[in-house]
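The next part holds the structures, each set out as C-alpha cells.
Consider the two complexes below, in which chain A is the common component and chain B and chain C are the respective partners.
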Partner chain A sequence: MSDPISLRGMIPHLALPLALAVMLTGFSAVEPRSLSAGNLLNVLEQSSYLIVFTLAQTVVLLTRGFDLSVGMAASAVSVAAALAAVSAGPAAGLAVALLLAGAVGLLNGTVVALLRVNPFVATLGMLNICLGLASTLSGGRPVTGVPEGLTTLFYSGTVLGIPAPVLIAALCSLGLALLLHRTVFGRSLYLTGGNPRAAEVAGVRVRATLIGAYTLCALLAGLGAVMLTARTGSGEPSLGGSLTLESIAAAVIGGVSLRGGSGGVTGAVLGAVFVTALSNGMNLTRVDGNVQMIVLGVVVVAAVALDRFRDSR
Partner chain B sequence: MTDSHNGGFSPGPAGPGDGAPPLLMLSGIGKRFGGVRALGDASLTLTAGSVHVLLGENGAGKSTLINIIAGTFGPDAGSYCLDGQAVRGLTPHRARQAGISAVFQEFSLAPNLTVEENLFLGRERHRLGVLDRRAMRARAQAVLDDLGFDISPRQRTGDLSRAHQQMVEIAKALMDPVKVLILDEPTASLTEAETERLFALVDRLRAEGVGIIYVSHRLREIIRLADRITVLRDGCTITSIDAAGVTEDGLVELMTGRRMDALYPQIPHDPGAALLELSGLTLANRTVEDVSLIARAGEITGIAGLVGCGKSEVIRAVYGLETLNGGEIRLKGQPYRPSGPARALAAGVCYFPSDRVAEGLALGRPIRENASMAALDRQKGVVRRGQERSFIKATMDRLRLRPANIERAVGTLSGGNRQKVMLARGLTRPTQVFLFDEPTVGIDVGAKAEVYDFLRDLVRDGAAVVLVSSDLPEVLHLSNRLYVMHRGHIAAELTGADITEAQVLACFFQEDAA
Partner chain C sequence: MSVHLPSHHPQPQQGAERLMLAVAGIGLLPLLLLALVAVLALTEPRFLGTANLLNILRSASVLAVVASGQMLVLIVGGFDLSVGAVVALSSTVGATAMAGAAASGVSPALAITVGCAAGLGAGALVGLVNGLCVAVLKVSPFMVTLGTMSAASGVALLLTNGIPVYGLPDGFVTGFGRAVWLGLPSALVVSLILLGVVAVLQRHTLAGPALRAVGGNVQAARVSGVAVRGWTVSAYVGCSLLAALTGLLLTARIGSGQASLGGLNMTMESIATAVIAGVSLRGGAGRVEMVALGAVFLAVISNAMNLSRVDSKAQLVVLGVILIAAVALDELGKRRRVRV
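Right after this comes the complex of A and B.
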C-alpha cells in the first residue's frame, strides 16, 4: 500500500482475480457450462446489480461506517417506485425513487453525523423503518404492472449491444471512481475514514462529508432498486433480503476496509463479480438455496477476518 | 511473587562485574520488515545494576531493538543471551516470566478499567476462580505508594491525565520481579516533579541490581541517569561508551554527527502588529481562567508551563477545539468567535496538535493527502491531482522530508517525518497565525533542528508564531516573549534578558507557595 509500483503492492490486486479464476475452474469441474462464454456473460450482467449496491456500501465503508439499511431501503424504493410508476408513469416512479432514497440517506447521515449515533444502530433502525414502509405500501404482495418504459430503460434496453444494467453499473463505477479520486468530497471520504478526529482538526468538513456519504449510498441503492424492479417488472417488498450482507461482503472481499479510509471502486466491482459468480456457480451446480445462504454467511465472516489479517501485517 | 516492597522488585541482588556474565548481551542483531531494513548490526551489552541509554535519531532502530529484547518479535540475525544463556523463540509473555519488563510509548492500558484492574490485567488474583479484589487493591495500593505515585487504585484509567497513565504503566511493569526494565521515553508526559520521582525510582532499581534500558531524546536526563550509552545510527551500533564525563554537546554529536549550537537557530524577531489578542479568556471546563495575552507578527510568543497548566488549551480554544465560557479573542484587530477548525483555517489561523496520531494525521493515507488536508476547501470541489502532487512534492522537499516519496502512507514514517507532514499544513494556505502545541515532542534532534528552522522562516516571513512547549530549553531559546502559565492562569510575562530558566521556575514555585 505504501508503494503502488512494487510487485508486493500488486499482490492484493492480483489475489482476487486469481481467486475468481480458481473458483470458476472449480465449478466447471462439476458443471462444464460454468465456463461457457454464455454463462460468463450472464455472470457479468447479473453482477451489474450487486455492483451498484456494493458501490453504495463502499461509499459509507470508506468513512468508517456501514449501512445496514441498504437492502430494506431497496425494498421500500422498489415498492414505492412501482406504485408511482403504475399509477402515474415511469417519470413519477423515478421521481419517487429518488425522493425516497434521498430521504432515507439524508436521515441516516444526519443521525450518524449530527446526533452521533453509531452507524450500526442508526442504520439498523432505518432498516426496520424501511421494512415497515415496504410492507405497508405493498400489503405484502408484489406491485405488478410496472410500465414498459421503465423496464426498457433499466433492464431490457441496449446501447451498441450493451445491456442497460451493464451500462448503468459501468457508468456508476466510472462516476464514483472520478468522484473518489478527483473531488474534494471523495478525498474527504478517505480522510474522514482514515482518522475522523484528525480530519476535523485539519478543517475537513467531516459532518457534511458523512451526511453526503450516507445520502449518496442511499441514492445508489435506490438506483439499484429501480434496476431490480425493472428486471422483475414488479415492485418487490422482499427485494432487499440479502443485499445488505452481499454488498458488505463484496466490498470487503474487494479490499474495502471496515476500518475506513482504504479501498476503491476497482476492488468493489471485483468483489461484486466474485460474490455473483459464487452464487451463479452454486446455482449451476445445484447447491441447495439454504446451503447457499450458509455459504454466503461463511464468506462474509471470512472476508472480514481476512480484512483484519490484511491490516495486521 | 514476593510481597515485600522494600527492594522487592528484583529477584535477587546481583552486582555488576565479578566475572559474572552480563545480564543481557545482544550482538549482530538484524531485522527486516518486508523490504525495509530496521536493524543491520546492532549490539548491546547490559550489566546488572546499571542504566544503559539507547541513543539515536528516530528511525535509527531503537524501538525495533527494544521490541526484540521484549520479545515482541524475533531477530532475523544475531545472538541474544540472557544471563549467559542463548534465548530463542522469545514471546512477550516469556520475556515477562524471565524478568524482562517494558514500558513502551504506546500505552497498554484499558481506559475503561480502573487502575488496579489494569495493574492486574491478565494476572488477576483469585480464590477458586473468584476475583480476590481486596488482595489486589491492597497490593496495587502498596505498589503505587512504594513508587510514590499519587494515584488511587480505584480511579478509571481513562479519566487520568497522560502523565498519570504513564505512572500506571510504569507501576504495571514493576508488578512482578524485574531483572531488565525497558523504559521508552518515560518522561515525555511527566512534569518536572514527577520526572524527579521517576529518576529516584530508576536510581533505586539500579541499586537493587536491575538492568535498565533507557530510551530518551532528552539530553539532560541522559546525562543524569546513564552509566553506559550505546549509539545507534541507521540500524547499526556505532559505538558504546561509558557515560562518565559526557556532555550534552557530546551527545548531540554522537547521535547526529553535528554540533549542539546548531540546534537553536537565531530567530530574527521583529515584532509588528498584534495579530492575536486574548483578553480574559476562560474555558467552560475551567482549565484556563482569565488568560490575556498577545501574539505579534514577526516574533515567537512562547507559553511555558507544567503539564496540565492549561497552556495547550489556550491555543486549542483559539482554534475552536475547546468550549469558551468567557473572554474575548481578537484576530488581526477584529473580534473573533471560534467555531471550529475550518473557520479558524479560513481566518488564517493554523493549529498543529501535539498528538499527531490522534489529532494530526490519517496514518493509512499517503503523505500527499495528509499534507494537503488542511487546504482541501481551497480546491473548488475538484482536486487537481497533477497540481497537488507537484505542489506537495515541492513543499515536502522544502521541509526536507526523507525519503521524498510522497505516496507513502504516513503510518510508515518516523516521528520527525510525521511532524514535517503536519508542518506542510502551514504552507498550503495563507496563514498568519501559527499555533504550535509541543512541536518537537517525540522527535529526534535532527528533526528538531529542522522544526526550529521552520519556525525561524515563518517569523522571518512576518507570521505570528505561538509556541506552547513543555521543553523548557526550547521555549527559552526560541521565544521573544514568554508567558508562563500556572494552574490555568498567566503567572508571568517575560521578555528579553528576563527569559531565563530561573525566572520561569521561580514562577512555578512562587505560585505554589502562595
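Right after this comes the complex of A and C.
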C-alpha cells in the first residue's frame, strides 16, 4: 500500500473520477441539460443496473476468470422469473430466479474448477445453453404481465426518496466490499487470482473458491436480471445482449485486472457509472448509435492500454 | 493452473489403456466424425444426397476459413473477438467501393479489383491495430479485440445504415460468387485453396514453428531469436485477412454488402471450431487440417439437427454442450497422459 497522503499514490484512484468530471463538463458544453440535477440522478439510476452486473463480473475477474454467460444468463432468468411470477406470484418469480441463476453459476464453477475447462470456453458454452433456454421458454416474445409487487419492489418503489434500483446497487456494493475485505472467502478470491499455485500451497481451497465465485457472479447477475425485468415489466429474451461485454468493459475501465487478483468494488462501481454516463451523454448530444459503438470500443482499448502503462511503471 | 501431483496409478487396465492410446494417436475428432457420418448415412436417407453434402461442405468451408484465422491467433496465445465484425466490415467496405467504382463507369474488372482491395485493406487495418496493441502495447488480446469488434461493426453499420449495398458488377456475383467450378461451388474451391495455403505456410515455412514458439514460451522464443513482435502482428493480420476474404466470398454469393454478415455468432463459432479441433487456448498448438475437420464436424451436426427438425434454439444448447465436453475431454486426456 502506498502512503495515502502522497499525491503520487493517489493518481491511479483519481484518474477515473477526473475523467468522469472532464467528460461531463465536455458534454455540458454541447448540451447544458446533461449537467442538470435531474439528468445526473437519471444517470445514477441507470447506472445501478450495470453496477450490479459489473460487480458480478468483478467477482470472477478477481480469480483470473471470465464470465461470458452473464448477459444470456440474465435473459434466461428474466424470462423464467417472469413466467413464474405471472402464473404464481412475485415470490415464485424470485425463487425461480434465484434457483436458475444459482444452477447456472454452480455449473460454470464446477466445469471451471473440477473439469478444469478454460473459463472462456466454459462460459461460452453456457452462453449458448442460456440463449437456447431463454428463446425456447419465451418463444422469442417478451413475457408480459409481471405482477405489480415485483415492479414496486425492484423498480418503482422508494425508501426515503431513494429509488429502489439505486438502493439495491448500493447494498450490493457494500455487501461485496465487506465480503471481499472481511471474509476468508473474499481474501481467497484475491489469492486464487493472484497466484493459484501459491494459494493452493498456502492452504486456500482453490476449487471451492472458484465454484463460490462463479455461483456468486451468477446470483448477482440473476438479481440484475430481476431488476431489469421489473423495469420493463416483462421478461425479455433479448435482455442480456450487450450486458456481458459492457460489464467486462466497465470492470476493466474501473481498474479490475484481467490477470486476476487486483481491483475492487469502488473501481467497478466507478467504471459502471463511467460507461453509463458516456452513453447518456452521447444520447443527449445526439451522437449516432453506431458512432457510440465505435467510441465505446476506443475507450475500452484506451483504458486497458493505460492500465498496462500504469502497471509497467 | 492445474497442479498434477504424481499419482500412484493402480494396475492399468490393459485393454482400456491401449484403446485410449490409440484414440490419442488418431485423435478423437476424426473417429467421432466417422461415427456420426455412419449413423446418419444409415438412419437418414436424405443425408447422403449430393445437394445436402454440398450444402454441408459449403457452410463448413466458410466456418473453416474464419476458424483457421482464429487458429493462427490462438497459436500465439491470443484471441480474436473481432473476426465476425471484420467479415461485416470487409463486406460493406468492399461492396461500397465496388458499387461506387462500377457506378463511376470504370471497367467491371477494375471495379472488382478496387472493391476487393478496399475490403481486404479494411480487414488488414483491423488486424494491424489488433496485432500492434497486443504485441507492442501489451494490451490483453481479449480487450483489444473486444474494442476493435465494437469499432469495426460500428463502421460497417455507419457506412450502410444497416441497408444492404447493391449495384455490384455481374462479373463478381454471377461470374464468381454463384459460379460452379469443377462441379463445386466457387466458395468451396476458394476456401480449399485458402486452407491449403495456410497448411503449406504452417508445415513448410518458418511460420509454423515460429508461431508455435511464440505461443508456447515467449521467453524461450525470444532467446532463440524468434521475432516475437513481428510474428504476433503477422498472426493477427493473417487472421483478419482470412476473415476479410470470407466477407468478400459471402458478399459475392449473396450479391450485396451487408453489415449483418458475420457478427458475434461467427466469432463464437470460429473459437468453438478451433477448440474442438484441439487448438490449445494456452497457445503453442494447433493444426489447420484438424480445424477444417472441426468445421465439417459442426456443419454435419447442425445439418443432422436440421434434417431431424430439431428446433434451432435447442441446437444452441447442443453446441454449448459439445464445446464444453470437447475441452473437458481434452483436459482429462492430457491429465491421463501425464500420469501414464
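Here is the rule we go by: the second predicted complex is superposed on the first by the 308 of 313 C-alpha atoms of A that agree within 3 Å, B and C clash if a C-alpha of one lies under 4 Å from a C-alpha of the other, contacts with A are read in each partner's own complex, and residues count from 1 in each chain.
The rule we apply is simple: a residue touches a chain if its C-beta (ideal position, glycine included) is under 8 Å from a C-beta of that chain, and two chains touch if they have at least 3 such contacts.
On a predicted model such as this, the values are computed, not experimentally measured, just so you know.
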item	value
Combined model on chain A where chain B meets chain C, clash or fit	clash
Contacts of A:G261 with chain B and chain C, given as first, second, both or neither	first
Touching partner for A:V30 - first (chain B), second (chain C), both, neither	neither
Chain B versus chain C as contact partner of A:N128, first or second or both or neither	second
Partner chain in contact with A:L174 - chain B first, chain C second, else both or neither	neither
Winner by number of chain A residues touched, once chain B and chain C are compared	C
First, second, both or neither for A:A202, with chain B first and chain C second	first
Which superposed partner A:L14 touches (first chain B, second chain C, both, neither)	neither
Partner chain(s) touched by A:S188 [first = chain B, second = chain C, both, neither]	first
Location of chain B clashes with chain C - one stretch out of 38-46, 74-82, 110-118 or 272-280	110-118
Overlapping contact positions on chain A, where the chain C interface meets the chain B interface	197, 200
Of chain B, residues touching chain A in the complex	34-35, 319, 321, 340-342, 344-346, 351, 353, 358-365, 369, 373-374, 376-377, 379, 381-383, 385, 405, 407-409, 412, 425
Residues of chain A defined as touching chain C within the complex	64, 66, 111, 115-118, 120-122, 124-129, 131-133, 135-136, 196-197, 200, 245, 248-249, 252, 258-259, 288, 290-294, 296-301, 304-305, 308, 312
Of all residues in chain C, those that touch chain A in their complex	1-3, 79, 133, 137-140, 142-144, 146-151, 153-155, 157-158, 268, 271-272, 275, 281-282, 311, 313-317, 319-324, 327-328, 331-332
Chain A residues touching chain B - in the complex, by the definition given at the top	1-4, 6, 8, 181-188, 190-191, 194-195, 197-205, 257, 261-262
